[in-house]
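Look for subunit A in each of the two complexes below; its partner is subunit B in the first and subunit C in the second.
What follows is the complex of A and B.
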């Protein structure tokens, strides 16, 4: 596989959409400054019952799942030794790089006493049986791994071929870690909910939460690869990657089908049929979520449908939506601390999350235009 | 010290029958209850369960070690506290496990008769008896401020310490000098260890100390013929190794900033943390919150009943630091400002937030629809060589 054919796209950087994203980011910065001066309460609707709001759920938990493109592709490209998917690897890694780095940053926004953060790294304060500790260390390690995995792009850009050759010698260790670490912490994000016990609706609370989180994270990682590839190849008129993407579809489709079947079997085994059909918010959200999982599953499995670029795009969108909704449901909708607590994000809180996503897209554009990330060439 | 068990007990030779035959002599405890008690003692000291059996074996030995118990400047609170222990009862302890040969509160004999018996025991069991001191020892003017049998207490202590196998100072007075040693200390009161230079004195401080800390120490001495692990103040670590603050049931209130500010105020009635009333729990090493007092179970200890700890097990705290002075917090100091006790349980959806959320939703759906409309049904339209797969 001629991997050195990655090329920077070039082109104008300060386009109108880019400036619009910049404006969104500026609004987020304004609210973040407010948050760091006047505290969490001045910007967010977080309260004693809901200490985790959308900054954690969207920016960190969903953000890192969106960042699983690199993980999902690494799993397929290296573990199954499918060299032919290699062109998809770098853009996927880039998505992961931003998803995780910004997710890690967003944690700082959400920490009430962020100045104590360094204590996490002091071994004498370590609490190795804490899920949160595991997630924190694992995510930090993975951010580092992602930057190393992505570093050949920088080295190529600046012509450091010697350094790149040396890096390649031990890159396989980094790649192995790049598969191991997300497996650990994506499942641990589900384990975080295990301690919530009866505060979580039985429709979501199960001992299988870690596995569900891992499976949906892999599916979302694949979804983001399809989405990114489709958008970029269309927008920049690059040669299509549909043909190779398509081959991965059945694998992910059957993975999702297995997830859905297991999920319902688990609900039946726990005798939780009644809550599925209760006339409440939980049941409604549950069925919306299930529907959003079923449609992409059908598209990905069906040989006729997955040829259609539009249907694949829809499948990718729904997959990301379903995975995100699953996380929002599990962490916010299905989570009821009781005692009359309620939570809906405030407008400034939403603007911060939107700004972080805007920053992510801006950085992606900068990187693909300036660094050798994308593989395709513009057809003549 | 190592002579306590020199009476030639062969642990291996003690059979179940022998243990059973001892039932009647164990203060009415059945064999099962007795073994449970011994295992409990082992657990109190953090010893393995098998140590319970060794303690049981040591406890039924026929040659009970003699104990001489001297009272100095004190209120007899430590003895009163001992009298209220129920496993075992004090009579089981002094009649069956040890041989309490001299104790000014509990002696049957009195006056010269009691003193003569004490001297006889000290000669007969020289090097084998346990000396327990309760109360401070006055030293000013030759120690004349506390006399027994016409002789200053300090001389009794020095005399008895000569032939003692082990010396235990029970209570804060014997351990540190106690209330009479506080400023201005008119009688020159001192701790037992201060009047016995060169001797190892096991301190069981407390006002009064928990009887089980004393009993467990005695049982340990009987079983292993050596003192339990001691800290730098010669207190057994099993009882004085942890701060009260670490195991206090009111600790969550401390961490959350919920303090009682006056006796009887709202916080006090709600059982909030007593730190701001001068509770010395954060600087006091003792196991009070874990074992409680008077066999009443959870919560039967000073802080449990709503009174700040006054640090009786600490040399520099109890009787020396003002009752309502703030403790020196050895772990994490409370911040000066805490978040408000949250009355607001969620603001609900604001119109602005709803607008932003709806805007995002609309943008995503709109952008996705536009993108789908603009792209061909098949990407391969644009890229002929890929068509082979379609």
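What follows is the complex of A and C.
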């Protein structure tokens, strides 16, 4: 590595791509204003059968899984003590910071009675048996933890070395919480579906839902680290992190392989072979999802393929796609409310989701350019 | 990897395996279904007595102050008067739906016939909506078992809408400050010693209010009669002295719907055709809340498991951070 410290990238902020992202975000703001004035029904296709749409499933459930980079890397660096992956830690945390903070923000505009949001924190309204209660508290706490975990970058930027030294003394507790909280709530996002019973297709409904959600969230966390590192080192012509990524790949590959084997064992144990081969939407989506999981698994395990930077990039993309599709399938495709209800997101609904993602990328760019996030320097 | 680290990781793996091993059978994880409260109140809806007049729908709207609903193609006609919501919604707490088949000639026949069914909250014995609500906005009365909703607590997450196996709670998506709409069994009228509006106005006794155990006996009594026997069908509240509605016992389906479905409900349905055809879903005897809460409690063991895990994580993170510092 050229230099072993975190540095701000510097450079022009208001580039053309940045302004384009700003435009996407402005469109989202327009529809959000509409939503707050006229109600959720005025911009979304939510209905009595499908009370949850992409704002929940994509912005929150998939968004926080994309934010699991910091969690997945902390697991490796601090729990399994693999210090060599440390250079990937801070950018991964940054991704988590935005994935979760914006996911939390999305909750506010999706909540039908957002002005009562603080009831979640009032003990006399608490309902500890509710999976949603656990998820809400855990996610709120984790957003706080992420900001503290990331705060050394701010402290360095503003030269507050004393504060940084003090923070470092108890940072290990924060790091431990930063592993515990996502373990709890990422699995609980799967537990949210346990109450659905026969409303979900047996291809997705299993008591193992919490473990499936946890495993795929960790895999997606590594996926986002590979994707981000490849994109950033290429775009900003930084010294390549391919060597570390190549070491990371088989870990992710075997994690995915374990998930796939366990998933099929569970399907077999529950005797759900017939629905896999039914001529319906569920079976089709199931196999697309499985295929999207299998390809990155093969690439990441194969010693020959994972050397190829393009194949590894493709693997990361497919892995993130597969984890996302798994969540969309489990929450929306597998779900059959009956009574002839159907759901497909409206254009404004999609634009809001796209706008949130645009904001996330914009904030990422601001942070890596202005704060010491990335490792290594540009070759002159 | 040093010894203590390996031991912790092995221990953690063992703990996870221990926690998930019982998952092999969902039965082991499920907590017990909840039991019917002592003075449970409910309704017996006899589909064969229902004539589809929808007086109950109108009475419900008056009693609960919800607006009339008209489908788009009738929106300009008899505005605000002719109610024709096709199912329960954010504005309709109960509705009468019709099943039709073929020539639609015979009432309560699956072949070439038609039949009515009433849709509203079934006031489950072990309700999913109460179990999933993060802010205790759905409440089940410990005595009467009536499931009510508190909009002041509700944050509008709509998990109850998603989770209800009967699709009952509805959110008012077309309102900027919408709320969850759901039949609360005219709790406000019951406080004034009146009965739910739908049962009060039903002319044939198709919707009959009463104590769940009495209603169960009434339903069993009807099933025990021979089709064609004359029978005095009670109206309003079971046990009151309202004049009865005398009619012949029809050919009932032998299954009383609502007794065991999803852990049991406080509504009883008697029908002339199979309940699935009327949109009453086939459900297991176990409540889904029992499984969801059972798994969650198994994994969390009253927050002891997460705290133990946190202890191990703190220990490992501390060692790693120290070691990394030494290397720097």
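Quick notes on this structure:
The criterion applied here is as follows: the second predicted complex is superposed on the first by the 375 of 380 C-alpha atoms of A that agree within 3 Å, B and C clash if a C-alpha of one lies under 4 Å from a C-alpha of the other, contacts with A are read in each partner's own complex, and residues count from 1 in each chain.
Throughout what follows, contacts are C-beta pairs under 8 Å (C-beta built on N, C-alpha and C of every residue); 3 or more make two chains touch, one makes a residue touch a chain.
Here the structure is a predicted model, which means the values were calculated and not measured.
Superposition of the two structures on subunit A leads subunit B and subunit C into a clash.
In the superposition on chain A, contact is made by A:117 with subunit C only, not with subunit B. Contact with subunit C, but none with subunit B, is seen for A:338 once the two complexes are overlaid on the shared chain. Look at A:308: by the touch rule set out above, it reaches subunit B but stays clear of subunit C. In the superposition on chain A, contact is made by A:176 with subunit C only, not with subunit B.
Contacts of A:47 after superposition on the shared chain: both subunit B and subunit C are touched. After overlaying the two complexes on the shared chain, residue contacts for A:294 are found with neither subunit B nor subunit C. Look at A:262: by the touch rule set out above, it reaches neither subunit B nor subunit C. Shared-chain residue A:141: touches no atom of subunit B or subunit C.
Taking subunit A as the reference chain, the count of touched residues is higher for C when subunit B and subunit C are set side by side.
After overlaying the two complexes on the shared chain, residue contacts for A:276 are found with neither subunit B nor subunit C.
In the three-chain superposition, subunit B clashes with subunit C only at 186-194, the remaining stretches of 6-14, 96-104, 186-194 or 276-284 being clear. Comparing the two interfaces of subunit A, the one with subunit B and the one with subunit C have residues 41, 47-49, 339 in common. Of all the residues in subunit C, the ones that touch subunit A in their complex are 1, 5, 9, 20, 23-24, 26, 29, 87-90, 128, 131-137, 151-159, 161-163, 165, 167, 170-180, 262, 279, 281-284, 288-289, 291-293, 295-296, 299-300, 306, 309-310, 313-314, 316-321, 323-324, 327.
For subunit A in complex with subunit C, the touching residues are 36-42, 44, 46-49, 51-52, 77-81, 83, 86, 111-114, 116-117, 119-120, 122, 125-127, 129-134, 136, 168, 171-173, 175-177, 179-180, 183-184, 187-188, 191-192, 194-199, 207-208, 210-211, 269, 335, 337-339. On the side of subunit B, the complex with subunit A involves touching residues 339, 342, 344-350, 352-353, 355-357, 360, 368, 371-372, 374-380, 382-383, 386, 389-390. Against subunit B, in their complex, subunit A makes its touches with residues 41, 45, 47-50, 230-231, 233-234, 237, 239-240, 242-243, 246, 307-310, 313-314, 317, 339-347, 349-351, 354, 379.
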